[in-house]
Structure formats: C-alpha cells, structure tokens
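Okay, here's the structure, questions in a sec.
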Amino acid sequence: MTRINQNSYERLIDENEIRIDGRKLDELRPINIEVGILTNAYGSALLHHGKNKILAAVFGPRELHPRHLALPDRALVRCEYRMTTFSVEERKSPAPSRREIELSKVIRESLEPAIFTHLYPRTSVDVFIEVLQADGGTRCDGITAASTALADAGVPLRDLVVACAVGKVEGHILLDLDDIEDKKGEADMPIAILPRNKEVTLLQMDGQLSREEFQRALDLAIKGCEQIHEMQKEALRKKYSEIQEEVLEELNEFSEKEENQD
Amino acid sequence: MMKTHQIISEIEREHIRSLVKKGLRIDGRSLDDFREIQIKTGVVEKAEGSAEVQLGNTKVLAGIKAEIGPPFSDTPNNAVVTVNIEFIPLASPLFESGPPGEAAIEIARVIDRGIRETKAIDLKSLCIIPGDKVWVIFVDIYILDHDGNLFDASSIGALAALLTTKIKKTNVQNGEVELLDELQPLSIATKPISTTFAKIRDELLIDPSLIEESVADARLTITHDSDGNLCAMQKGGKGSFTLESILKAVDIARMKSEEIREKI
Amino acid sequence: MTRINQNSYERLIDENEIRIDGRKLDELRPINIEVGILTNAYGSALLHHGKNKILAAVFGPRELHPRHLALPDRALVRCEYRMTTFSVEERKSPAPSRREIELSKVIRESLEPAIFTHLYPRTSVDVFIEVLQADGGTRCDGITAASTALADAGVPLRDLVVACAVGKVEGHILLDLDDIEDKKGEADMPIAILPRNKEVTLLQMDGQLSREEFQRALDLAIKGCEQIHEMQKEALRKKYSEIQEEVLEELNEFSEKEENQD
Amino acid sequence: MMKTHQIISEIEREHIRSLVKKGLRIDGRSLDDFREIQIKTGVVEKAEGSAEVQLGNTKVLAGIKAEIGPPFSDTPNNAVVTVNIEFIPLASPLFESGPPGEAAIEIARVIDRGIRETKAIDLKSLCIIPGDKVWVIFVDIYILDHDGNLFDASSIGALAALLTTKIKKTNVQNGEVELLDELQPLSIATKPISTTFAKIRDELLIDPSLIEESVADARLTITHDSDGNLCAMQKGGKGSFTLESILKAVDIARMKSEEIREKI
Amino acid sequence: MTRINQNSYERLIDENEIRIDGRKLDELRPINIEVGILTNAYGSALLHHGKNKILAAVFGPRELHPRHLALPDRALVRCEYRMTTFSVEERKSPAPSRREIELSKVIRESLEPAIFTHLYPRTSVDVFIEVLQADGGTRCDGITAASTALADAGVPLRDLVVACAVGKVEGHILLDLDDIEDKKGEADMPIAILPRNKEVTLLQMDGQLSREEFQRALDLAIKGCEQIHEMQKEALRKKYSEIQEEVLEELNEFSEKEENQD
Amino acid sequence: MMKTHQIISEIEREHIRSLVKKGLRIDGRSLDDFREIQIKTGVVEKAEGSAEVQLGNTKVLAGIKAEIGPPFSDTPNNAVVTVNIEFIPLASPLFESGPPGEAAIEIARVIDRGIRETKAIDLKSLCIIPGDKVWVIFVDIYILDHDGNLFDASSIGALAALLTTKIKKTNVQNGEVELLDELQPLSIATKPISTTFAKIRDELLIDPSLIEESVADARLTITHDSDGNLCAMQKGGKGSFTLESILKAVDIARMKSEEIREKI
C-alpha cells in the first residue's frame, strides 16, 4: 500500500558510479548521534542517519514484571522495535506489524551477545527503539542507537554493537542503502558486528548474491560498521568528555576481564 | 547500577503538599507558572505536519498524516479527523506496550473534541467528492519523555503540527481523484489552548510535573479558543472541585492560553 | 455513521422559548428511578429519563481479582459504562468503544469522591452501568443511577452523586439536553456534584461558551442536579420506607463523623 | 456489609440432590415445572424489536437491529441473521468483561441454528437486491440477572423480540435503495420453543435455577417448532444421558413447549 | 462465503435408495484409524473418514498452567477443536471461529464422562483436534479420534467414546452425512456414546424431525457408532498387538472396579 | 503415567556439547548430515496444493489456498503471496494456542521474502485484471510434530506444496471474472532451499534436532536458489558468528541445497 511512483525508472547509479543522492558506492549517508537525551530512561540515544531518525532508550537492569519470566542466572533482555505511524510515506497502523515483531526479535538477538547479562540475574534490560522517520536501514540504525543507549545506561558491555546494510543495486555492491535503493535493488543485507573481534550478531539477506558478491558485500559492511563505530564512540565521549578516558578504559578492562572469565 | 526511578517517598509528597500551602513549588515555580515551552515544527519531513514539544522535561512528538477515504455518513461533506496518543514504554517506566489505555484515550478524545467542536480545521474545505472521498487527517501523538502534564503538551503538539501541515491539492475528473504536486496548508480557524490544573491540598497549580501529579487529588483541564471563549473542559482524578475554584481556574486559564498562543 | 435526517433543519427552540419536545429552557425531562431491581447485584438502580433507560449495578465491597491490584489502604473503585448494541439508532458493536472507555474513567472519578473507600482496604467496589436506550445525557444518568445503586448496596457514602447536562442551543442556555439538542447545539456541559456541599466531581465541556454563559450554565446545572437529587432520595426512601428515617439519619451521622475524621 | 454470594455449601448441594431423589425441589416446584415467565415486549423503542423476559429471577433483554448489508455468497437471496449473547458482569459475579466466552457462544449458536434451520424467519422476503443488498438482522441478547437456565430465557427473549420486530419497507430504483417510512413486521413461520433439563442424580428436572445448575451433572436442551416437531437439541455438561431418559425428555419438552408458546 | 454450485439441484438419493457417492442409507464412509503417529504427544490418532482427515493428540495428565485453574479433586479436561485454513473449500481464517469454540466445548463435554479424572487431581488432560480436511461430520470424527488418542496416551477410561452423525435427507433417515448431505438435508444429528452402556455424551440436532424419525435416527446412530467402535479397538490392537490381550483386559477390569467404586 | 517431556538435564546438554567438540552427534549423524527427509504431496485434496514433510521426527503440513482479491497498490500487476505458520499446541508442549508468536512470524517472513525476492513464483502470470483483481496465494504451514529445525522443514514444505499447486484458469469479460474448470500449475522459476546451522561450542552443525537447538548458542539459515546463488540468510539466537564460520557455512549450505533440491 505504499505510493511509489511507478514511472521513476531512472537509473539509481550513473556511469561514474555515483548514486542518486550523490554518494559513492562505498559512502555512508551523514550520521549524527546524540546521547542521553531522555530523562526517564536509564540511557538513550538519538540517531540521525540520512533521513532516518531513530530514538533508542534503555530501562534496566531493573526488577522484572511479570516475575515468573525472571531468569535465575542472567538478565532477561527484551526489545521492542516500533515505527511511529507517520515515519513512512503511507500512515502505518499503531498496532505492531509482523515486520516489527520479527525485527524486535533479531535486534534483541544482535544486542544480547554484547551484554554481560549474567551480572544481573533475575532482572530485565529493556530496550525500546522508536523509528521517528524511516528511509531504509532502520533496523541497523536501531541496533547502533540501542547499543549506544545501553552504554549510556551504564549496562556493562563486551563491546558496542554497530550495524549497517549493504546490498546490490544495478549490479553494484553498495554500502548503506536508502529506501529507494533497498526497494529497487537486487539484494539487501543488514549486518551487525561487535567491532573489536568482528563477530557477527545480526545477519539477514534477501535477493540474489553470488558467493563472490556475498564476500565483497560482507567486507564492505564491516568497513561501514567501523566508520559508524567511531561516531558511536565519539558521541559517548562527547557526553562524558570530562570522564572520558577513565570510562572507556574501565569499560575495556572490565570487558577483557569478564571475557577471560567466560 | 540500578537507578531508583519514580519511587516517591511519603516525606517528599508531604513536602510538596506543605510547599503548596505556602504557594510554593518544589521546582521553584509559582502556582500559576508553566514550565519552559519549546516547540520545534517540521521535524518529521515524511509527515504532512509535525511538531516536537518540550514542556520542562516532558517531551512529545506529534505527526500528521493525510489519506483519502470515505466521510462519515452523517457528515458527507466533511473531512475526518482522528486523534490518537501513544504512551510508549520508551517514555516512562509507568507506560506499557499495547493499545492505548484509558488515560491516553481520555487525552486523545479531549483533543479530538477540541478540534471538532471549535471547528478549528475547516473540514468542508477538505472534502474532495461529497459523500464519497474526503481527506482523512490523522493526528498521532507520541509521548517521548513523561514528566507530567501530558494533556497540555499533547494539545500544544497537535495544534503546532496542524498549523504546519500541508497536504496535496487534488483534481477530480470523472470521479477519479488526481493528486497534484502543489501543496496547500490546512485552514485553521482558531487555536484552542489548554491549561491544566492540579489540585493539591485545596490549592490549584498549573502545569503539574509528574511528581506533583502523583500528589494531586484531581485535575482540571480548561481550553480557550482564540476569541477567549471556553471551548473544552475536562475534570479528572478522584477528587472534586468547589464552584469557586473552577471559576477562578477559568480566569487564570484564559490568561495563560493567550500567553501560550503567542508562542505557537 | 449515524442516520440523522439531514433535512430536519427546523429550529429547536421556538419564539416562546419552548423546546421541540415542549419543555421550557430550564426544564428536565421526566425522570423515574427504581431501586433494588436485580437479585445478584449488591445494589442496583434503573433510571428512566426521557427516552434514556440506564441500569446500574454495584458489586462490593468484595474480594478483588486479580489480587495484585488490591490497594493496602482503601477499596479499589472500578467502573464500566457500556451501551447495548441496540440502545442507539445505528447498531453499536459490542466491543467497548474509545468513548465507553473514556466515560467509564470519568464516571468512576465522579463517584470515587463520594465513597468512603478507606473503610474497605484491599477490596473492590465494582460499578457496572448498562445503557439500555440512549437519547443524550447518558453519562450523567449513569452517574445518578450508579450512586443510587451504591446507596442501595449499602456502600458508605459521603453523599449521593447526582449529575445532569447543560448546554447552549441556538444561543440559549438549556438544561438537560436530549440527543438532538446535544448534536445540533453549540455547547454541551455534563456535570456531577455532591449536592450537600456542591463539590463538582464531573465536569466536561465541549463547544463554545463565553465566561458569562459558562457561569449561567453552571448555575442551571446545579439547579437541575438538585431536582434529580430529590428523586434519588425518594426512590431510596420508597424501597426502604419502613426503615426510612433510621437509614438516612444513620447515613448522615456516619458521613459527618467520617468527614470529621478525614 | 459484604454479602456472601454464590457460595453454595456441600450441605446445600446434598440437600438439593436428596430432594430431587424424592421428586422435590428446593423452591417447591415439581421436577417438570417452569418458574413463572414474564414477557414484556417493545421495551426499547430505538430497537426494531425488543423483549424483556423474566424466568423466576433470571432476567434477559433481547433487542433486534436491522441494517442493510451484503448477503452470504452461498445464499445470495437470503437475509442474514446474527445472534449474539452478552454475559455482562452486571448480571452475575460469575461473569467477566470481554468478548463472549464458550458458554455464551454455545447458546447464541443454538438459537441461531434454531432460527435458521426451522426457517422461522422468511429470509427471502428480506432480500432487497439479490446477491448485493439484503437486510441483516442482529439479535442481541443481554443477560441482566442470572439465576439459571439462560438457554430458555434467551431463546424466549429472542423469539418474543423477533415477533414484535418491524423494519422499514424499501424501494429500489436504479440499484439505489430508498428506505420508506412504512414499517413491515417480520414474517415468522414457526415459533421454536426450547425446554432445558438438568440431570441431578439420574433425575431430569426442567428449567433449573442457578443453584440447581451448580449441582447438575449434565444439561439437555430440546426445542420443538409450532408443529410439534423436534427442531434443535443440545447436550451440555460433563455427564451423560441414557437413551430412555432422552426419549422421555423429548416427550415432556413437547408438552412444555406448547404451554410456553401460548404465552408469547 | 462458501462456493456451492447453485445449479446442482440433482437428487441426493436415487430411487433405489442409493446415495450420490454410492452408499446405502445406513452405510458408513470408509474409515481408517492410525494410532501413535506423533512423537511429542502422550497419545495420538489420525482418522481418515471419507474425505475427512482428523488428527488428535493428547497431552497429560500433566502439570497445569496457569496453576490457579487446577481442580483439587480431579484433572481439568481441556479441548481445542481447530480446522486448518486449507481444510475447507474457502480458506478459513486461522483465528478460532465461534463454531470452533462451541465445538471445542461440546467435544470436551462428550469426552469427560469417559475419563477417570479423579485419579489425577490438580493436573490437566489436554486434547487437541486438528481438522486437516473437512467433509461433514468432523466433530464426530474429532471425538472418535480424541478418545482413541486418550487410550493411546494411557489415560484411564471408563470406555472409549465413539461418535457419528445421522440425519434426514429427502425424507430418508441416513447414516454418516457428508458435507453436501449435511448442507442440503432436512436434519442433522451428531451423537456420541459410551458403547458399553450406550450412555449418550454428545447430542446435537438441527432441522426438523418428528418424534418417530428422531427415534429411528437415534437407533441408526447407535449402530453406526458400534461399527466405528470396532475400528477404534482394532487400531489400538494393531499398535499394541504384542500386549493386546493384557492391555484391553486390564483396561476393562480397571474400569469396572472404578465404576463400582463410584 | 505422566511422561517427562522436554526436560533436558544439564548432564545431557554437556554430553551433546562434548560430542560436538569431537565432531559427533547424539543421534549418530555427522555435523553436516541432514536427518531423513520424506515428502508427500497432494495430501489435502481440498487445498490447491499441499505437502507433508518429515525431517526426522519433525513433521509439518503445508497447504496452499488461492482466492481472488485486490493487488497491493504499489504492485498492481502482481499476485499476492502470504505465508503464515501455525505453531499449534498439538505439536509440542512448547507451543501455546493463540496468534503466531515471534518465532513463527520470523520463519514465515523469511520464507515469504524467499519466495518474493527470488521471484520464485511468476506473480505477473497470476494477475487477472491489473490494479483490480489478482490471485491471492495463501501458504499456510502447520507444525504437527516439533523435533527441531522448523525453518528447513517449513521451507521445504512450502516449496513442495507450491510445486504441486494448481489453480483455476480464469476468463474476464466486461470486468467480470469467470472461473473455468481447467487448472493451471503455478509457474515456479527457481527452487530456493534453506539449510539451517546451529552453533554449539564454536562448531556448526546442520539440521539441529530439538535437543540440539536447546543447547545451541545461535542459528544461521542460508538459502540458495536453483542457480547456486545466495538468496536469503537469517541469523537467530543470542550468540554470534565469526566471519570465517559464515563463509564456511555458505559453502556447505550450497552443497546441501543441491542434494535436497533433487528430492523435491
């Protein structure tokens, strides 16, 4: 039920390998991350990425309701990815769609490998992602924003999680597809990693990729994630500029210690 | 690590009550001060109109979408306006996922009636084919951070978003509707502004924060239109109001509504 | 989706200030209240008011399910205002509408100031209002019937609650609007009071009223409420005619004592 | 203050059981007595038809609404009839808010089939434009006070309401339906009457009260049409019936149905 | 919304009393029962009957969730009768219909008289019936399959429950109506019995039957049930052929002993 | 009497983990063995297509129904395909009644995208009247017995059912659609086959059984089309994968997909 202009069959990539919005094939859309913008949440982040506007908030570790869901040996991680009704061209119903339910699940599973859940048994860590405006790649931005909000909330993390999408459009492997590239392209592959060790925590793919294209796409995605990771760290640093060095060092030390204990 | 959120001790509550008796408030405001209001419009480009409103630490985002649909059969020449408020759990530990509860529905319906009964929007101008196709205007309000007085923050958000809304012009030929590229603003006839009072120990104070709401016995929202007429009232909470306090609140609300109207 | 005859643009008030149903501006529609008509409910009342037929039943104070809702220091008051599917011109869906949910809330909040809830901690007082036929002003009639049913149930009350609507139609301030006056009028204001001290427990307004009109409307509403209050008392007296004097006196004494203790 | 409702002691249950063995009942009735039946029709003027039925202390209100809608595709020339029963919590502490549960659905569907299978209503006469527009008849039944035997009270209510239903005549021109002011009654071909039995200690008794239902092992509802033919049966409850007891019940039900039919 | 060919007004029963599918008036459609075909269920049965394909599974006696539903003196029997979306001509919505809710209730009530529920207080016995393909008489087949699955699960039974439908078509009393006979016939009467003592545990009827026709239909139904009962026993015997004699004898002895104690 | 179902002891889990370290599995398979696959098609005659798939003890039933309905407005010339999976409680004590949960929705959506994105079905050939009437193909999958790897069992079931689906030819005259008796098979362009891996102790094994899934840290489903191209991937579970293990899994999955494709 989306109103796509059926006549717009212009090419998305020109002869100089420049995309319709002026980007190069391996170029990200502009990204801005703000941290700690909500007062009720334990941690929060607002991510602008192209036309995407994604708000993430974390509540927890906190007492869990209903109690019978509590896990004896670790925190329960819960995640809700939702889109505002006005975030897309055609108004979305406020009731959660099947898409939102699936994405909530895969986003949760992409964040959980990063969280030291066993430090907070019987609690919950609740992650809420609200897409205020959507233009392709919102699940990835949701992951990036959410892991930044987790760090802002002080939840102990093995690493930040960072995500971006790659895809194939008109035969080219592209970084960071926007909505029109996603819809018209031949393949779309969102991916999330723990940047320190390049472990993959989200991997989805749809479309058609040869073995060789897949590997190129994977490499490009990692590069994109690394760039976004720098912005994540910068945003956290900006908020905690005074205590910058201590916090990050502590986080690293702590993570390594925990990692060794695992 | 675990923060203690929203756990308000009886001592703190008693403190608020005793301050109010002296005409004072915990955040230094006088009883008839609003918190600082910040309004940003056009924040969601994909919406036909949008506004982010901050009222102290309370933050709401209102977005407008317009679709073509059928009119109600008893008003075949009028556009349809639908107001919906989402209390998303991102905004507060007090909110839960799921369809709007009674508190969200109450605010949405008061705003809805406010728009409809004041004829704030010229609904006839948004009729495309009488009895068949009209614009359906969705006003969706998301609470992003809840620090009290969602009534006023939401109604300001809705109004500010509607004032910046632009929808496509249409052309009708042989019963087919063509959407043109040219945009038209909504025709807004009046700007209803609400002022919400909380009653604490027989005193009324305006724009209550979350902690004040938790102490309040009752709530009264009073809305005036641009001409200074009353256009909506809604009492809430398990307490009551004297006739005198209502009349006094009406007068204060009228003054406050004019101050706020200037800012939108 | 209501079938209003679009042609009926006759005036609702004639040159002699007589309304379409023959009433004067400040005249109530005929009212009849019967008390104690249901056997399962702890208390009940059936209110005929013009074409309105409103049935109210009270269950409680009683043990509360689910238990985790129980309040340690007082009874939980719950209220459901519902309309039968056939109470209105166009069949209503049996699922509760947003309107019914809002009205259930404001009716509950209009009754609660009258109830000595702290006498029955950890219990619930459940009020059910069923609109059997609707012709304007049903929320007010629901309040009046419900408070009568509360008294019939023997729930200790500070006072009965009584409600009626006022409004503006064709420039006149009117008492007790029926459906057509409500729909075509310029303003509608339902109000509920505790008649003894004139405290307002419900106040809603929609439409357009000047400051001066509002005050006149408020005064008129109080007068209407006082008249209905007499009928409430009469209906209760009729049921308890034998023990009439004792009951009302006890109620008053009790209320005053409790009021002083508050 | 707190009443003790619906708490039936085992002694009381045993008392009922032992009475039944002797052919006696707690309220003095014989095993095949109905409680007093009172029927008031036309009680809701805004409904196309309505009836309030009292069966002892059981009270139900049935209302009929008619709308124009599409027929089912397999019966394009027939009106649509929909039966719905609401067990509202006003009627009993046993009832909860929410959509109809299995007990309400069971009764509604038995009444629904009773109307449909007996061809009680001439559905063809309510077809307006074959395959496109027919009358949709909603039979909505509200339980107002529950003291047992909702099956018979509801089916009597539905029938009495249908018998007093009047709907607008229509005029069709160029595929447009015009509603006329003139009213027509429904054409009712037969009057199905149900008799419900409860089985207590191998005895069958008719029109069980709530307390008797709480003791019963099983339920059997038997419906006869105006010609004395069986037109519906429905067994309920976790017990069973012997073939002999069923045949005996059929004969009693036929006699009872004639008595009740006279009253409607 | 079912696509029945409106033109097929041919007669369903010819002058030789032969039905449209070649059966005699008192003849069952072919029946096949397989037992124990599922691995997770405690017991299961798959019933082919004409074009009907019915799968039944039993879980229990088992711990009951939620616990507050537990009965202190007996097992709680629960039953869900559902149809797959593709079991009927026109796709059925996956949400349970009113019909499925009613049938779940009457099927449960037809099985419960056979189960020694008081042997397993505070547990549940959960019966699930899935109609994979439907062609008339599925509630009866559901009951037959479910009671076979109960026996397969080892749930102690007074007797198997067996069900079949009878009806009136073109004036004849018929055994085992298929879908077209059900839809076009004058009466339909599904019935379930405990075959040993002929107690009736399900009885529904719709249509028009005289007293005399009813009695004939009842007799015919009993005969049909008895035939199906043989197939039930045969299917159970087939699975337990090695321990055949012991099991059935034990079951009978046990039942009689329990029956006497009742 | 009461069986102990699905209670897996920590000892059993540890046993599975230590076996996997040695390249062994509890049921004797090697790490990249599928369980035996049995496919029966045409099992539900009333469905337009159907298939029952057994993957070891996992059993699923897929059925296809076709209806005529409107297309999506952004693809007015395309048929609509809808995939739905029901985890019915008959199949496992782990399943509960009610609408599909996140696990069922995830599988349904991956299969759905698999069909859509690979253009497996020629959707244009199922358009009847562009922009108005197209075939709507419902793929409904019921889990009948759950012993792990519902992803692959379901996707094989969906594909096998679609390959045997036949729908009625249509004839359009004056905007009216006539259904003909003649049947046409769906035009299937490619056969996407998924292979699901479980990660246990840094080892990947394919086609995990239920007990293996209960031990696994993460899941990876990789789908190839008939040309050997990757056409869908989906990671699940709360663990992660190294880049090397993903690339290795892709190569194994490609081989496995060819083996399975032969059987369908």
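Labels for the chains are A, B, C, D, E and F, by order of writing; each one numbers its residues from 1.
Please note the rule applied: a residue touches a chain if its C-beta (ideal position, glycine included) is under 8 Å from a C-beta of that chain, and two chains touch if they have at least 3 such contacts.
From a predicted model like this one, the values you see are computed outputs, not experimental measurements.
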| item | value |
| --- | --- |
| Subunit E and subunit C - chains in contact with each | D |
| Shortest chain-hopping distance from subunit C out to subunit F | 3 |
| Chain pair equivalent in interface to C-D, over half of contacts matched, among A-F, B-C or A-B | A-B |
| Approximate Å spacing (C-alpha centroids) for the pair subunit D, subunit E | 27 |
| Separation of mean Cα positions, subunit F and subunit B [Å, integer] | 47 |
| Centroid distance [mean C-alpha coordinates] between subunit F and subunit E, Å | 32 |
| Two or more partner chains touched - positions in subunit F | none |
| Residue numbers of subunit E (touch at least two other chains) | none |
| Category of the chain touch graph - line, ring, star, complete, other | ring |
| Ring order of chains, beginning at subunit D and proceeding to subunit E | D, E, F, A, B, C |
| In the complex, subunit E residues that touch subunit D | 1-4, 6, 77, 98-99, 101-102, 104-106, 109-110, 112-113, 187, 189, 194, 198-211, 214-215, 218, 222 |
| Subunit D - residues contacting subunit E, complex | 72-74, 102-103, 105-106, 108-109, 113-114, 117-118, 218, 220, 225, 228-243, 246-247, 250-251, 254 |
| Touching residues on subunit D, where the partner in the complex is subunit C | 1-3, 5, 43-47, 50, 57, 59, 61, 63-65, 67, 84, 86, 88-93, 97, 99, 138, 140, 142, 144-147 |
| Parts of subunit C lying in touch with subunit D, wherever the complex brings them together | 38-42, 51, 53, 55, 57, 59-62, 80, 82, 84-91, 94-95, 120, 123, 126, 128-130, 132-135, 154-155 |
